[in-house]
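One structure is given below, encoded as structure tokens.
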Amino acid sequence: MRISFILATMISAAMAALSIAWSVPVLVNGQAASFAYGPLVFAIDPLTAFMVVLINIGVLLGMVYGISYLRPYASKSFMEALVHAVAMVTLHGSMLAVTMMRDMVSLLIMWEIMSMSSFLLVLFEGEKARTRRVALSYFIQMHIGAFFLLLATMVLAGQTGSYTFEAMGLFYAQKPAWMLFLPLFLGFGMKAGFLPLHTWLPHAHPAAPSHVSGVMSGVMIKLGIYGILRTILFMHGDQSMLGVAILSVGIITGLYAILQAIVRNDLKRLLAYSSVENIGLLGISIGMAVLGTSIHNDVIATLGWTAVLLHMVHHMLFKVVLFQSAGNIYVATHTRNLNELGGLMRRMPKTITVFVLGALAICGLPPLNGFVSEFLMYAASIEGMKNSGAYFSIVNFFVLITLCLIGGLAIIAFTKAIGVGMLGEPRTEPARHATERSWFMRLPQQIAIGIMIVMAIVPQLMIASISAVIRSFSPNSDIVLASLMPTMTSLGIFNASLVGAVVVVLALRKIATRNAQRREGPTWGCGFTEADARLQYTSTTYADSTVQLISPVVRVHAHMHALNDADVFPHARTYTTDVVDVIEESTIQPPIAGINYALRRLAVFHTGSMRTYILYAFVFIIAIAVVTIMGVI
Amino acid sequence: MFESIKIWKQQGGQTIPDVTAVTLPEIFRGRPTIKAEACVSGCTACIDVCPVAAITQSASSTISLDLGACVFCGECADACPTEKIAFTNDYKTATSTREALIMREGDVGPVVFDADAVRKEIAAYFGGSLKLRQVSAAGCNSCELELNACGNVNFDMGRFGIEFVASPRHADGIVITGPISLNMSAANDICYDAVPDPRIVILSGACAITGGIFQRSTELQRAFVERHHIDLYVPGCPPHPLTFINGVLQLIRTRKS
Amino acid sequence: MLSFSNLDVISLDAIPVLSYGTFLTTVLDHMKANDARHCVNYMGYRLPNGDLECFCVLADDSTSQLFVARYHLAASGTMALPSLSAHYRAFHIFERVLWENHGVQFTDHPWLKPVRYPHDAAHGATIDSYPFFRIEGGEVHEVGVGPIHAGVIKPGHFRFQCTGEDVVHLEIKLGYQHRGIERLMVHPSTMLQRTVLAESIAGDTTIGHTWAFVNAMQALMRGTVSDAVEIERAIALELERIAIHIGDLSALNLDVAYQLGSAVLGALRTPMINFFQWWCGNRFGKGLLRVGQNRSSLTPALQDQLVETLDDMERRYRPIADTMFELPSVLARFERTGIVTTEQAHIIGAVGMAARSSGLRRDVRRSHPHGVYRAEDVQTHVLHSGDVMARTYLRKLEIDASITYIRILLDRLRTASRDNGTLEDRPVRELAPRSMVVSMVEGWRGELVHTSITDEHGALVHHSVKDPSMHNWFALALSLRGNEISDFPICNKSYDLSYCGHDL
Amino acid sequence: MISIALILLSSVFFIGIVNRTKSIASGRIGPGLLQHLKDIVRLLKKGSVTSTSSSFIFQLAPTISFVTVIVACLFLPFGDQPSILSFQYDVVVFAYLLALGRFSMILMAMDTASPFEGMGANREALYGMLVEPAFFVLAGSFAVLTGHTSLNEIFRDMHLGSGVSYLMAAFAVYVFLQIAMVENSRLPVDDPKTHLELTMVHEVIILDNSGFDLGMILATTSIRFAMFGVLISNFALPPMVPLWGKIIIAIVVMAVFAVVVGLLESFRARNRMKRNPQFIFTLTSIAILVFFTVLILTNKLVL
């Protein structure tokens, strides 16, 4: 069955080669190019070229990983395997196509194909009722997003008589920006996962197989950001209110999502929330950049756009690394529950080391690439505090506080994931018997880590290579970038020398301790003679002190029959918790429950058979196309 | 705040300036002496009265007293018809060898501290800084209280860089108090194993050195004491803080010539 | 049940042997009759023919009465019995010891777990295996502390079931200190060996345990000591109380990192125990109490020195005690931390300080007075909040009360007779045959109970020691429920229970 | 250059002065000024015991933590004397270096599979997260005040003039002092003296470290403390004073800092663990006060 997937990978590789070949010159020259195939026009400007590179790297890493990840699923029927492979290629192609479309109608159609192919990918383990439920919820929510995009298209076409992107510029010049931007932001933001539209993401990403989760979290949500960037590209004039609005959504998204990540016990769920958090960071950066552009502060604008673009690539890389390592852990232990893991560092050191590096990067810590983009965000906010009036100072002051809170909370979330799930002693038998995965399953992550290291050491080259994209957002960016380059060069050298310093000190340590006697022994447990893996912090309890600070934003329901005063000798008790995403519970769950109820009544649609779902997907793609074109006309 | 300063002033310096030159009250039962004179013939009063069998009579009918077992109850001195045995107020009884704890007839001088028995790495590593992990191996709490007192304002052992620490990983040795019960022996081993090299072992109190009053108990497991080199014996029931501090200071400041 | 009082020597034959069924209903009826009754001891020993003879002693605090009942279990008969603990939780520890030492299976015992792990325990378990209560589900983490604690403290193991920083449940496992004291007591020994052994039951309660022991022996010898000796012993006991209470106040300050309090109070303990050194040559009063006599008496010179020491101590102690109980940062740690309700204290049968800080008036000096205490001039304080603050503040009140009481005793000592005892000339005599005596002394922790039983030759066949900690350890466990784990040290220190007194 | 030399020099005495102060405040003689150094030297010579539960992270973390603090020191200027490393926005680098050190120490603690160390790691992560905003708000405020974004330039151009600005500097110094107390796990957040596993933050994290690594950790702690000392003394270095004068001022300020730490630890009790977040929040709010003062000083905010 893997044959079909290998074949798919080869097709994808070809697509990647072709699209990159088209894109690189665009990035280098800053000149847009376009190719027409009949009525279909594929246009490549610097932003598209940038997205093309990002998508291709992410998808290829995912597909190479998928080849070996799929090995345990040999029992899948040929049909299912074929659908999976085709959906993967379709996803890749549609994502590339989305970035190349230049009018809302064709974008919407490509968007629908992208959604549907990812829906089929989520359905891969459709034999599990839970996966089917999650996929269905994903399906519904994606169409809520599509509906907003459709609405935006209609607004655009209704007001300007055209649905090309150029018409957006026309619209923004004449009408209040929010009338068009709001539906667009809701539609694209749903894909990206901005609050409160994120609710599908923490379910869909973990439910998909790990190679797909990486692609979805690392790449596909960036298409949402792409959509927002694309429309901002056509904005003019003072959009500072809009900037503040995006920024505020970003702040709320980032803080809320990282808090959710802290309380999650499911490793992939934690990673999914961390993706939402990074979308929040991107939102903050976009907001700052829009603000900077609006007040004609080129420094803030340039720093902001650079941070946005770099962080998109960075996040793609470490999210692929993290999801794939999580996939390796899942294959080795068959659980994603951190409370059932532990002790993996001694059993599968190479996988876990990669995970730790990924976590280091996603927490924005030096010396990895995550630090570079967070550095730019901080720089933008400090500039914002410094350079403008009180209002902007205070707005940026909130950004600054948010950035460092998110940074600190991310450290809690990822030290929890690593500390509880991978270090210490194994908590269950499966974790005890986990073994290292093959080199081929680790290869894509190592490649990604390699790219990350390069990006951390020579950030100035990375920025230079996307300067054309930055220029398209902020025309005067070249001057700012020129003055920023020495700092970025220093930062790169700093990153490299930090590693160097650690190596030097390690060497000195080795020399200094060569004569000292070293022994091994059990961890000091106060002389207690029965070691027990229960004597370790669990994922739930590690998060507890944070939860107590922030409830009721994050609600953890504990279930235990309480001990009362007279219960001197208590009877057996069980303690379990479940975490509620407050926003999900109050916004999306009631309608979804209603739809589910309706679907149960119409059981005929809900067959559980792959073919039916594929049929639905086609029906919807056609429906969307028809409705769009009808609506526009 | 003013109240605190008043208290602080009233408190003043409480520390014993020189721990090596304190005179304890006469009644304090420190190092015993046994005069070198013949006993009343056939008299075994001291041997009979001793609750811990610390007093033995050799073939030549000279008696010796083992400070390692002695609980310093003083009953032998009372029982002796000729006042041959007497307890002095000398508290410097800690020593590096087991042999030096045996008081023989005619021993009137201080307890011998054998410098040659001190391992040479002790002074090299711990001369100015020594962290100890205490193991209460079924001690009755009087030794523990006295070891705690070593660190209080009065005795202030910390000024010599000697401190008790929480983790044996941070420690340079263990101080055992109590007769080492069967139930504590495994924990005691674990604790010793957790101390990085080089490490020392100190036995504090009669119980730790010989089992003391619990010698005959079936609930002890004293293999540890036989298996390992003991660096310092601190006799007493319990040892006076000054005994302990002086013993440790002697141990870490002895440099073999 | 046979009614008697503290230090009465009763003939074994006067105690009827009940069947277990009758025993159970009789004891339960007696417990039901009056709320002020609690179990002070319940123990058993093997008769020469292998049968098990068990005694249960109840105390009625309101009437100064003690009650005893006994039953026999044939070596060949069934060992599976219904338990008293099923009805009154406070019996749990005694029944566990009976199970551990003699294999009596209490079928409906709610907490039948090992206590001391003697080498020949009937349950066969070793110290490495203890059936801890655990909360299932994989989301609670456990914290195991001990047996080797961070400080210079005795060994015990504390197992916390935690959700983050909060403790759901604490279980305490002891037994590390088991040295076989009760066995050594009946091992062929001299009276001096037994006395030294009594001094070593718990070094911080040297005076208390030794007094309880010598009282039991003196009673069995049908002898008395002079009034002066009795008063000196009471002074020694109060000195011990002051010294430990001050030391504990210092330690409590250390645990909340209030350095001034810990340093000043720590230094104040020194003159108290140094006074013992001046009096008897040992800082803990070891070697002071002997059967029939005190090895060194409180001479007028020493009495003056004691007055001086107390005056000086009071002068330095008042300001720091006042400051400490006014300092917001200290009070914030003590107040409403580690609450044990009166109901809980009653259920577990708490005694001494632990009971008095939770609203139960339990003080042997008043409820079962012996010797000097018959004058009823000692003051007992009771606090009701049951938190760390109550236990800390109770210490301050008791220090004050003890200072006052020592002054009263010193006055009485000046006029007391030194030669009206009957044991002066010959301190060690034969013990009364086939007798039993219960000796209760209120140590600083609470009631110390030594129960001695002799055979027909006057030889000691059983000597049972009960430290108040046997009851009170459960109070510590309860005090942690719902508290922060970082408050454990102050909860623990506020009780300062004895490990070795429990483990023997 | 001067600051790193000063930091290394004063780190030798820093803990010593704190402990001397505490000894005197409790009426004892106490250990000498160099006791901490002796402890470290002994540990550097000693052997080690490593836990069988732990991985290479346990071995690596102390080194990383040490390097981060040393490198962070390289960013610190001394008055108008430039630091060794400096570039725009290096305040961010400074804070993130400390965060990296914290990250590695947390993982090291979790690596030992001990509940105590998990507890310490948990607390460290939480307090680290809470204390960061206070630092950044201050850094941002000074960036606004001076118009610069590197530590070097901020301290070079921090001309204090009016009474309000001194008040602001006083607040800032107070916040930095308390940040130093939190970062170095001192009272009232943590108590380095109790030696009780259940109540500590920093000491429990290192419960399983021994030998060279432990020595390095202790050295890191004292260097980090001295680093905050130099940071604070930078507020008291007016540009007109000659270099030797500045050095004297810095030494005096640091000595006072150490004495203040010692006194703070002598006359109050530590917080209840759950009150700590609240305490750290207070620091952030004072930092926010500084920020608004700066806005007024720079005429951004007109009341």
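A, B, C and D are the chain letters, set down in written order, and residue numbers restart from 1 in every chain.
Following the convention adopted for this analysis, a residue touches a chain if its C-beta (ideal position, glycine included) is under 8 Å from a C-beta of that chain, and two chains touch if they have at least 3 such contacts.
The structure presented is a predicted model; accordingly, all values stated were derived computationally and were not measured.
Between subunit C and subunit D, the least number of touching-chain steps is 1. Contact tally for A-D versus B-D: the pair with more C-beta pairs in contact is A-D. Rounded to whole angstrom, the centroid-to-centroid distance between subunit A and subunit D, based on C-alpha atoms, equals 35 Å. Measuring from the averaged C-alpha position of subunit B to that of subunit D gives a distance of 42 Å. Computed from the mean C-alpha positions, the centre of subunit B lies at a distance of 28 Å from the centre of subunit C. Separation between the centroids of subunit A and subunit B, computed from CA atoms only, is 66 Å. For subunit C, the set of residues that touch two or more other chains comprises 127-128, 141-145, 147-148, 150-151, 155, 164-165, 260, 263-264, 267.
Counting partner chains per residue, subunit B has residues 4, 8, 11, 14, 135, 153, 164, 166-169, 186-187, 191, 193-194, 196-198 touching two or more of them.
Within subunit D, contacts with two or more other chains are made by residues 25-28, 45-49, 115, 118-119, 122, 195-197, 207-208, 211, 267, 274.
Taken as a graph of touching chains, this assembly is complete, with every chain in contact with every other.
Looking at the complex, you find that subunit B touches subunit D at residues 1, 4, 8, 11-15, 17, 125-126, 128-129, 131, 153, 156, 158-161, 164-167, 169-170, 172, 193-198. Looking at the complex, you find that subunit D touches subunit C at residues 22, 25-28, 115-116, 118-119, 122, 187-188, 191, 193-199, 265-275. Against subunit B, in their complex, subunit A makes its touches with residues 516-517, 519, 521-522, 524, 527-529. Taken in their complex, subunit C has these residues touching subunit B: 117-120, 127-128, 147-148, 150-155, 175-180, 183-184, 187, 190, 192-193, 195-197, 200-204, 206, 247, 260, 263-264, 266-267, 269-270, 277-284, 286-287, 295-296, 316, 319-320, 322-323, 498-500, 503. Taken together, the subunit C residues at the contact with subunit A in this complex read 89, 92, 110-111, 127-130, 133-149, 155, 157, 162-166, 168-169, 341, 343-344, 347-348, 474, 478, 481.
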